[in-house]
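In what follows, a single structure is set out as structure tokens and then discussed.
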Amino acid sequence: MYLQLSTWPDIEAYLKHSSGVVIPIGSTEQHGPTGLIGTDAICPETIAGGMAEQDILVAPTLSIGVAQHHLAFPGSMTLRPTTLIAVIRDVVASLASQGFTHFYFLNGHGGNIAPVHTAFAEIWSEASLSSEPSNLHLKLGNWFAGPRVNRLSQELFGDADGKHATASEVSLTWHAYPEQQRDAELEPRRAPDGAIRDAAGYRANFPDGRIASEPQLATREHGRRFYEAGLADALEEYRRFVSPAEG
Amino acid sequence: MYLQLSTWPDIEAYLKHSSGVVIPIGSTEQHGPTGLIGTDAICPETIAGGMAEQDILVAPTLSIGVAQHHLAFPGSMTLRPTTLIAVIRDVVASLASQGFTHFYFLNGHGGNIAPVHTAFAEIWSEASLSSEPSNLHLKLGNWFAGPRVNRLSQELFGDADGKHATASEVSLTWHAYPEQQRDAELEPRRAPDGAIRDAAGYRANFPDGRIASEPQLATREHGRRFYEAGLADALEEYRRFVSPAEG
Amino acid sequence: MYLQLSTWPDIEAYLKHSSGVVIPIGSTEQHGPTGLIGTDAICPETIAGGMAEQDILVAPTLSIGVAQHHLAFPGSMTLRPTTLIAVIRDVVASLASQGFTHFYFLNGHGGNIAPVHTAFAEIWSEASLSSEPSNLHLKLGNWFAGPRVNRLSQELFGDADGKHATASEVSLTWHAYPEQQRDAELEPRRAPDGAIRDAAGYRANFPDGRIASEPQLATREHGRRFYEAGLADALEEYRRFVSPAEG
Amino acid sequence: MYLQLSTWPDIEAYLKHSSGVVIPIGSTEQHGPTGLIGTDAICPETIAGGMAEQDILVAPTLSIGVAQHHLAFPGSMTLRPTTLIAVIRDVVASLASQGFTHFYFLNGHGGNIAPVHTAFAEIWSEASLSSEPSNLHLKLGNWFAGPRVNRLSQELFGDADGKHATASEVSLTWHAYPEQQRDAELEPRRAPDGAIRDAAGYRANFPDGRIASEPQLATREHGRRFYEAGLADALEEYRRFVSPAEG
Amino acid sequence: MYLQLSTWPDIEAYLKHSSGVVIPIGSTEQHGPTGLIGTDAICPETIAGGMAEQDILVAPTLSIGVAQHHLAFPGSMTLRPTTLIAVIRDVVASLASQGFTHFYFLNGHGGNIAPVHTAFAEIWSEASLSSEPSNLHLKLGNWFAGPRVNRLSQELFGDADGKHATASEVSLTWHAYPEQQRDAELEPRRAPDGAIRDAAGYRANFPDGRIASEPQLATREHGRRFYEAGLADALEEYRRFVSPAEG
Amino acid sequence: MYLQLSTWPDIEAYLKHSSGVVIPIGSTEQHGPTGLIGTDAICPETIAGGMAEQDILVAPTLSIGVAQHHLAFPGSMTLRPTTLIAVIRDVVASLASQGFTHFYFLNGHGGNIAPVHTAFAEIWSEASLSSEPSNLHLKLGNWFAGPRVNRLSQELFGDADGKHATASEVSLTWHAYPEQQRDAELEPRRAPDGAIRDAAGYRANFPDGRIASEPQLATREHGRRFYEAGLADALEEYRRFVSPAEG
């Protein structure tokens, strides 16, 4: 069930049996010479699509994340972290005003993890500083870090999966957009590893944008399997999150 | 050409012949008992899809706008205006750092008009207060206000098109998502008109969410015609915007 | 009745029969070689003076608006739009805390329109996101856009009135400050038209500061007529605004 | 010379021989049962008027200051301190972009002193944190604290002048607006003294709004003398401030 | 009683008989060639240590203040004033949420005075703009400005104590850290006096960092006397502040 | 070498051979019935003390972190995350303006991890959005997560060390403040485990403040060993961080 494709009476009805919502959050940033700039948004959006088929409400994807370190590659976009915090604060407050209590952000980008957790603390701070209890349950799930996905990545690629522009995520985007498959020789075969700082430093250390990865290993069929693993991981985590026992 | 479905070398190549980009911007808010909550994002996104087919770069849709007045209807979301200003500031700065100069926001929501223009003034203020020239060209186009669209609305609906949850926009969403067509008796046939304030006041004045409209007049075929009119309007405006004469 | 020239018991008494207030808002910016820098504040302040004579409460003029595009001309001042939003938020909250509910901003500057409407949405957002009804009624009236003023402008100047440093507003400032009348040859007679961006771009496109106008047509007698037309427009709009029917 | 009553070529000419400007800053707040709400803006504005006659450039008065503690009395207005800081930052940056270097804020309200000095530190912080020298000279002068004014207050009222709604300032407003003179019995004759906190606490401690004062001692003739003393104090301080030796 | 060396049940018990707390606030900034960079934090922290021995609760020292003007000397640190305002707002709100009502900031740095008072007004503004009474009592005490300390400074140094890197404060740091005593010839013997602006201007006017002072006069024994005088001043002021009569 | 106990010429000399600095960062929050409220600040401050003995520059401890979830226990303090981001931004900018390039934050509190990393991204965003290279190297080290500390914790306590108010950290505070040792029966012996949300939820789930821990296992001798392990971990990580190879 997609929020954008629902009417307000649909949501009114949904709230009678659930106060949970899934919000895909990604990034719009370079993913090496062959990876799509939208990779980090496409991946959680695709998996959330499977959740939507199971009567779980899915909000519009937050497509732009914190990716300042990628800006030296054309097409990359970032929000300042404090901007993303404000966006998440407003998104949560909007739906909370109508009775939603459980917000599951399904994330596709490592650079969002700290800012999203920081946004959660910012939101709860208002209640805590007012000595008022909050009924908000906020959780970040990373599709690329679930147990089934990790096992599959290990099985298919071992440590060749790397850290940015990985074969895992490229495979999943090809599952979602089969016509976007691109092949290219990449030199070196495996990209270098290292630490991330600002955009200029990133491009100096990782000249083609990849980190420690071999996206050449991606296939559409692998992508199908990552979709299934990712969906199972996300469903399991979401259902536990919204269950009364966990609440 | 979609930014999300491009690679960074694609964008590097694009920048050699164009420094313009289209950014659809919408809202996620109730559109009456039968209109989709995503209407205001779907409409500009759909028209931008036609622009993308003509080798114009289209960035990810900013799906959440300023819609505080709709919050009393479940599923509606808002950014505070100052949050949207920060988002636009960061989005523009990101792509400007790579050489983009012309930003065309294709808008689907009346409530965004003032905040987006305000964001433009905020962005230019930095240059102006520093006595530095800005090379940024920022424009907001409203798909629903172009000359061809207005003529078509007048021809098909006259003043029955109304102001919110209009037959025009509902038609266009059905063109984009034919399976989402919904029929319902609406009482009164034409919704009341009036002024907008906060969310509680809005729901009191407009009990089913519509303003002055008769979305019952929508058809998928009308939607196809709005798509064509809207695309022609947007292409004309965009091309004038990025032409050197206008620059 | 001027707020600044009242005592607090005066205002306490006023609140027993009215909860409305007029707040003139303008700008401090160049108005061409012969127009006063204070034009956009003087005009609404002058008209509001007429309202004050009719027992309507008039607050101090907000003299500095959003005028970043004028900064390349000495003497021009701007607030960043987000600063103006904060000012309006605080001004409204101050008087609202004492029982005022209807705020009519009488505006003299086009560049304020978007930021002031954005401020209104920012103010209502707090109530809407808290699921609380707001009793605040916020309206922006532009003295230069009322029906009587527009008719008079058309009658006296036709399309020679132009867009910035217009004969209409210059006339009105001469009505208010007769000793400030200035005559000068201006070249070209009618200033060029075009789009507004940042300050450097503005001065490049509009070298003497005017846009599409012929302030040479201004006279003090015209100014008297604009004062009367503007006052009638503003009184009509304000009275409708504060009437229970409209509320 | 008033900025609002000048043209941009006038200011261009002024900048050839001076880069200093006077900015009156006041407050809009209750001044007891008989004092005008605009007292703290009227006083510095009136004295600045004398400076304007001596070819010193005077900008529009910033009429609303930090007066949160007065809000329990109708008609009082406040800016949050952080809002006032933003206003001052933008005002200074605007004129600095055109070559102004010396900003003399002529103040009428004790509650503005800390926020204005804080704004100065905020402005200089940008330069200091960037290891760049600033050419901005920022000074706050309090009309009520100059040597001649203090001597006159002592001579006329001794310690009966008090702290808020003083006979000094009331006298000066009557000099400026003779028709606004109001007489009333006040009980107690001299208002109580004490500490200031929030608005509710203020009204509880100072029921009619005055602090330690006897505005009944005010006369229009005293006001004329305060005007002359205040003008001499301000001129002396301003001239020393803009002189190269002090620079 | 130190907050950091207490447990939460200790504080729960403390709140049964007192709702007051002392918060030392200082700065980390150059203090001339021989003064410690931590001088302005060490001094109030040391005096607060004496208060802690008398069962007054002492919170952790806020060691970094507003010191933008010192940044041209290595090791100096500043918060922007608006940052310090946010820190103080959060610190007060945290303890206020648990029942603390009286906050006594014991300050060691002149540059903090305006920002801390501004923070107080910012905090009270929230209550005042909401027409709600605040139970917060906020006070800034400057250890260097108490009556006993001033008398001692006058007695020991007269006007040679100066304004920055004074013999008084250097003496007190030597009392606290006897092993940190440093002797050096300083040229000129007494540092120059003047006005403070930004960092570059400060270093130009005060080449070794001192202002009008002769820290060569400092001794450890003087420091002991300043400690005793400062403690007596602070205890007296704090006890008056938290007494019901003053409340 | 402590920044606070240095003079500016000391720091000028230090910068000739190193541009690195250690900044301890902690929290002021409840640590169960027997743990000190200052635990999370005391631990990194104590270990940084060992680094200071090895000629590494140590700045003042940032004692207040993000601890909104602890506020329901008296004595706990928090900064809003956005406040902490501003503090870190200013601290880094201050020392960077003087030539420091490597900032090592030695952290004692899990709740700071996301906000500090978010602050790093915020800082780098400014450079990245300006297409300028940043020379800032920013790193967060958690004393409780180093390899030697983890081994020691496992050896001494196994999984009884838990998550909040752990035997490890309590031991270390007793090493630093031997006189603060407190013994108490705690019921249940091992505290419950669970998820963290706001303050009220925290106190409901963890009634005495501990999470999954048995601080009864703490001893002063264990604390000595944690100090040595923590110091070795931190020294190793810091030296790698500032080495040219890593740079």
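Order of writing sets the labels: A, B, C, D, E and F. Residues in every chain begin at 1.
Convention: a residue touches a chain if its C-beta (ideal position, glycine included) is under 8 Å from a C-beta of that chain, and two chains touch if they have at least 3 such contacts.
In this text the structure is predicted, and so the values were computed from the model without any measurement.
> With contacts defined as at the top, give the pair, E-F or B-C, that has more of them.
E-F
> Shared interface numbers for chain A and chain F above half of all numbers used, same, or below, different?
same
> On a CA-centroid basis, which chain has its centre farthest from chain A's?
With centres defined by C-alpha atoms, farthest from chain A sits D.
> Compute the rotation angle for the C-alpha superposition of chain A onto chain E, expressed as a multiple of 5 degrees.
Value: 120 degrees, nearest 5.
> Using mean CA coordinates as chain centres, what's the chain A-chain D distance in Å?
54
> Centroid of chain C to centroid of chain E, CA atoms only: how many Å?
47
> If you average the CA atoms of chain A and of chain B, how far apart do the two points sit, in angstrom?
25
> For chain E, what residues touch not just one other chain but two or more?
71, 78, 80, 82, 90, 94, 97-98, 128-129, 131, 199
> Which of the chains touch, listed as pairs?
Per the contact definition above, the touching pairs are A-B, A-C, A-E, A-F, B-C, B-D, B-F, C-D, C-E, D-E, D-F, E-F.
> Within their complex, state which residues of chain E touch chain F.
Chain E reaches chain F through residues 2-12, 14-15, 28, 30-38, 41-42, 59-61, 63-64, 71, 73-80, 82-83, 86-87, 89-91, 94-95, 97-99, 177, 180, 182, 199, 209.
> What residues on chain D touch chain E, complex-wise?
Residue list for chain D touching chain E: 66, 68-69, 71-72, 78, 80-82, 85, 111, 113-115, 117-119, 121-122, 124-125, 127-129, 131-134, 136-138, 195, 197-201, 246.
> Would you tell me which residues of chain F are touching chain B in their complex?
For chain F paired with chain B, touching residues are 128-131.
> Which of the residues in chain F end up touching chain D in this complex?
My answer: residues 90, 93-94, 97-98.
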